[in-house]
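Two complexes are shown next, each including chain A; its partner changes from chain B in the first to chain C in the second.
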Partner chain A sequence: MTDTDANSSPANPVQVRRAVIIGGNRIPFARAGGAYAKSSNQDMLTAALDGLIARFGLQDERIGEVAAGAVLKHSRDFNLTREAVLGSALSPETPAYDLQQACATGLETVLGLANKIKLGQIESGIAGGVDSASDAPIAVSEGLRGILLDLSRARTLTQRLSILSRIRPKDLAPDAPSTAEPRTGLSMGEHQALTTAAWKINRQSQDELALASHKNLAAAYDRGFFDDLLTPYRGLTRDSNLRADSSLAKLAKLKPAFGVSLGGEATMTAGNSTPLTDGASTVLLASEEWARAHDLPMLASVVDGEAAAVDFVHGADGLLMAPVFAVPRLLARNALSLADFDFIEIHEAFAGTVLSTLAAWEDVEFGRSRLGLEGAFGSVDRSRLNVNGSSLAAGHPFAATGGRLVASLAKLLHHKGTVDGRPARGLISVCAAGGQGVAAILESR
Partner chain B sequence: MAKNMRSAAGTHSTGPSRPDRQSDKYTRFVSAGLGRDLASRLGLPQPAILRRYESGAPLITGPVLVEGSSAGADALATRLLDWDLDVRRHAAPKTRLGAIILVLDELADPSELSGPVRSVGASLRDLAANGRVVTISRSASADLDPAAAAGRKAVDGILRSMAKELRHGATANGIILGAGAHTTAAGVMGALRFFLSGRSAFVDGQFLTVATGSGELPQAWDRPLAGRVAAVTGAARGIGAAIARTLHRDGADVIAVDVPAAGEPLAAVANDVRGTALQLDITADDAGERILAHARQRHGRLDIVVHNAGITRDKLLANMDAARWDSVIAVNISAQLRMNRDFLASELFHDHPRIISVASTSGIAGNRGQTNYAASKAAVIGMVAATARLMEPFGGSINAVAPGFIETGMTQKIPFATREVARRLNSLQQGGRPEDVAEAVAFLAAGSSAGINGTVLRVCGQNMVGQ
Partner chain C sequence: MSGPAAHEQVHVLTGMPSLSKLYVNAAAAAAKSRVLGGASHTSLPPRCHEVRGVVADLAKMTEYQHLLGKPARDVMPSGFIHAMAFPVAMSVMVSEDFPLPLLGMIHLKNRVRHLGPVLYTQPVSIRSWARRLSGHRAGTQVEVVVEVRADGSAELLWRGVSTYLAKGVFLPGVDKPAAPGVGWDAANTPFNPPDPTALWRLGVDAGRAYAAVSGDFNPIHLSVLSAKVLGMRRSLAHGMYLAARVLSDVGSPEPDAFSWEITFEAPVFLPASVAVHITDTRNDDGLWQRSEYVGWNVHSGRRHFCGSVAAL
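Then we have the complex of A and B:
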């Protein structure tokens, strides 16, 4: 645990100014190979930025800094965010940087910029993320890459011919990105299948979570919740993965997709796992002074954030279980418990991830031995969990999910206002590849 | 067809018109060279390339002849000197005129028309291409002396006929003074400037009534809306997008409103006009409140509302289903009525507010297959007339513009032959542009237009249908 200064309030460990969330914008998320099949990361991030600029009248504005990133990234996109800024209606004098922390990229850009605002380094910031599973980079094989590099260094025709003669048919197979972990060779789904089985999460509870995600997201669309959070793109006005008419019966018919070779019952299907998705999201952050000077609303404050990582390589924990550790540390630092939150957003990489996380927090032995607590960490009131749906319904363009979560939660909190005389509180938890996870606390304004 | 109707006019082209990519193909073809000769010999319509407003361009080129001997005519002629115009009080034959203003504000009997009207007629031959004729007269109400009413009403027939006789992009429009307005009232000066300028390119054969002397002239005529905040519905495309751009050009801060599904083009328009995009469905109960909330947060005020959003669901009445009828009524009129109640009740909207509703000539003349649409657009005209008195306490005004055939994505879908006939069926023998409607909206939104209240301004090139 981090030591807290006795003079500071628990919710604000370091005496700094506030960073507020003004709002957000994303484009609808599209299943891979669908509406955005021909859109690049830069196209989508620029579109999400331009929608944000239009919503808040930021044309020609020099924003303090724009931070965004993509998980699947072409080498030509070495300056992806800056290029998107240059293509947008923002002032070309707006600096930008790329960040990459797998699926936590979006949330980490929010935390990083919020910290800069809190420290007075910048007055405003736009955080974001984008990913395209459709327009994914494909590289030449390692063998061919070595040959081509040697070729570029050759000086004579004889040398060149000699080098070219080394090419074998197998070298011509392209190297496409995958969700496999480099150190285990297992895909994310297979990793989660191990965790799902370890925590004995059954098929029905996973399907129920998936169904709730679709129903809640559809209801949020129907009541106009996304009217000021989303700008249509390429003819898409809603997330294309959303199935408002989904049912437990339909979900129950799907065949298992992961964990089939584990022996026991395979419970993870395409219905209770997120599909590969394309999309982009952005969040506008600022100091209170900047927001007021620009006559902009303040939806929520970014209170605090925490990252964690687990040793999934040696099997100590599941690949996607890092948030199980990040959240207790974050809450301890802020003297809060799960019951103190009015909304809890746990990114639905897989229904099994969310349910394994909840199970770990409710497990007394896990609380004692792994979290160093006196007992179980606590329970999440399911009526406060992912109330407007989450990634199972919306889809999950890796780096764009954080921005979606933050903007939606900030709006929810703002509408909730105060609870028992205190600002409404929200918790976000995002798991990420490489055994990582990031959590954050927001508070209504 | 139209050639015979306008054979009396003797306006002259002042040389080849500039190439204009936005005009329809036929208009470009008959504007120069072989096409012009051919159309002339065959008696085909020869639509002109219209003079449209450009910031920094002269208000009008050529002398302005002010015809009429009243004190009001003298006062107006003097005031026009402030605009750096070459004002003439007597016709000088063979001098190419930019405009002719016929002032008839003291008309008491139809017999008094002969001199001034024929004098104008003698000068029409000297009117330049894209020239202007503007009459200024008084309203012919039923409580007048019959002879005075007859004289005043006669101007109606004169103006509308004269407009049909003019050629080469020249137009004729009239200003009607209410009891409280004199010839140099702010509303008259604003309307006169609108009619003289390229802003009124597609307005022809129309009257504007300036009922009172209220209104203020702008500090800068090229930014008459500076400091004003305008909400435009249906701003993502077509006429709405043009209105957003024109209001921005004239200095207003623009809130561009459209349904969430149109968010992508809406954002592009908002970024283009350095404004904000507000995605909402105007048929929602809280639409007015949400526009007000946005205006309060971002600007602390709301000055101008343009009800442009509208839909068509065409069907012969015999085949009309409830969904088609109800959706058109809900979007085109019920939403406006509901939002206006919210706006009028808000103190944000009490500083010389303006409401401009986009009606349609279909609402005036009717249109086969459009009972629902025509009902909604006629209803807009009724709403505007009855809302006028509610705007008055705040120094405000509400008016409608009624576009005729405008070249938009919507009219592009009309079959070729029907479209070609429809676009020629007016005195200017061409379709208007979204910008032409937008100019009329911006004019009515200006501070000078306070005395113009509860009226309908047609932007139709003097379409042959309706009034």
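Then we have the complex of A and C:
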């Protein structure tokens, strides 16, 4: 359903005090089963946090609040962020909470803490996210779980024996997490394959986007862009998925990985899709007063954010197409168009996701019928898109991607300074499982 | 219309019949008719069967809801009401004077009118009878009607009509239809699969899992071996599992009052990958009106079922 009301009567965002981004720190992202194969979520989040604390001198500092999350979580990770704080050099009096909004987790922690800062509830905050596809939780089967829970409630030996006798061999098979959407049974890649085909995105344009991601990320590393955004961990100094020597010819050789049995031409490969990845990221946020009092830099302000969700279950929209709706609503509220942004970061879950998003925004009919606009929403100047590479090259440890995007964009905006007398502007768009998406506007300081 | 008023005889059963006993009786009847010759009846029993004061088993309902991926609400899922009422329907089909053999019958079609939400705590009366014995190109078909009412009330809550085919059974005096029958033999018509909106990966144990929550232990669903005894090459998914699963996929919560129907075509032999496409129709106000659905085999492209769900 098109929410035309949100477009036709934009409310101005409430003007409150500013929330600024001081900086960020992440560990290099590692392909699953690689350098971080034995590292837990807590290990990696702590590593990213340690680097942030060291960079900004936060030892023994009582931070207003730390918010982070993981998508793939062990039951022991119920208080993951607070545990990471307790294991860090931050003051033990720093409160923390966990948040989970699939791949939008990291960006949502930034928005949530920025809002608290804007409202004066806290002066400083650390947002972040972590995920391990290697150290993923594996649960006992539903059958065994039911039996074990019944067993814990049994009172007599006879009851216990009778419950234990219910165990069948198939109950002993473990239950591993899967990327299938609970309501459709289709994997995220299969969902995107349907969207990619619906928007007629061809193989070559996807491979080109993937190649640009690798080239841009490699160039950013080479010129030292990540030197103050990253702390080495477990021997890694760069994202292990990065292929600086990738080429269109190499990408063209890869076999389709998704949508092979869905009918139509399969165009999505391991090269133009993000791999399963391990990693963690953090972002330091604060009020201007706190930043000044601590003599810390201010890279950018968090201007506004918007979440959206689509009805993907019966295919009305693609699973990863919610940002297509979030961004127009966000921009309408701030009286901005795509052309007003100097940098645009669209999370590369799959090359097809980015290209489908751009295609939808350029489509006149979609703009009219679905976005409630007079025509197409607009075009993204490709020279401003993911200029330092994105998830296709860096990898995508689900909850850690938001922190990577925010810290990198804030630094980029700060370098850009002003454009035509106004602060440089950046847009972030992240799609997420469950048909969700979150977008945010940052402005240089 | 043949409604309950049409029945001179209402045979009130003292309690819910046991499905396992009914299957044993059916097997015994099948053996008996094999020894003593074919069916001696060529018309349907003139009475309906009724069970009063039936209350759902909450634990079973919860298991059913979880198996079908539904949030376990206190309102009974439409498919669960079918499962709960099924023993009464089956008691009609294993009657001495029922003209068709129960075992090996093929489920062709189901039409249900679900007239209002039914809480699991609601005691209900369940009435069932058979009607419309008619010829089919491949045998003889029959409709079995089930009506569910709040106990002691005349107001109908749920009404289902199941169409079954006794393949290869031709009764004297029952004509074959001129037009092709519904379902099953329509599976040979060409079908171009649309983009799927869902993909079901059904394991070999899908039949046993549904049997456990529905009580329908028909041997064709339980194992390769038990299915082979009844002439199937492998075990197959319950039609009502497919119907309930697609109802669950159409939306949650179920509407207060709605109708749904399903036509079964190629049987789903287990294990299977079934692709499903659901198309929603909304009115001018954006409110859901109906959904059409179709399910097919991902690999062969053969259509397994199709149908619709509509607001009442």
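Rule of thumb we're sticking to: the second predicted complex is superposed on the first by the 433 of 445 C-alpha atoms of A that agree within 3 Å, B and C clash if a C-alpha of one lies under 4 Å from a C-alpha of the other, contacts with A are read in each partner's own complex, and residues count from 1 in each chain.
Methods note: a contact is a pair of C-beta atoms (placed from the backbone, for glycine too) under 8 Å apart; a residue touches a chain by one contact, two chains touch by 3 or more.
Just so you know, these numbers come straight off a predicted model, no measurement behind them.
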Inset, instruction - Mind working out whether A:Ala249 is in touch with chain B, chain C, both or neither, as first, second, both or neither? - result: neither
Inset, instruction - Check whether A:Leu157 is in contact with chain B, with chain C, with both or with neither, and answer first, second, both or neither. - result: neither
Inset, instruction - Please work out whether A:Gln59 is in contact with chain B alone, chain C alone, both, or neither, and reply first, second, both or neither. - result: first
Inset, instruction - Give one of first, second, both or neither to describe whether A:Ile138 is in contact with chain B, with chain C, with both, or with none. - result: neither
Inset, instruction - Specify the partner with more touching residues on chain A, choosing between chain B and chain C. - result: B
Inset, instruction - Kindly classify A:Gly51 by the partners it touches after superposition: chain B alone (first), chain C alone (second), both, or neither? - result: first
Legend entry - Residues of chain A defined as touching chain B within the complex: 47, 50-51, 53-57, 59-60, 89, 224, 226-228, 230-234, 237, 295-297
Inset, instruction - Could you pull out which chain A residues touch chain C in their complex? - result: 1, 170, 182-186, 190, 194, 197-198, 261-264, 313-316
Legend entry - chain A partner contacts - residues on chain B that touch it in the complex: 256, 260-264, 266-268, 270-271, 274-281, 284, 297-300
Inset, instruction - Can you check the complex and tell me which residues of chain C touch chain A? - result: 69, 193, 195-201, 205, 249, 277-280, 286, 291, 298-299
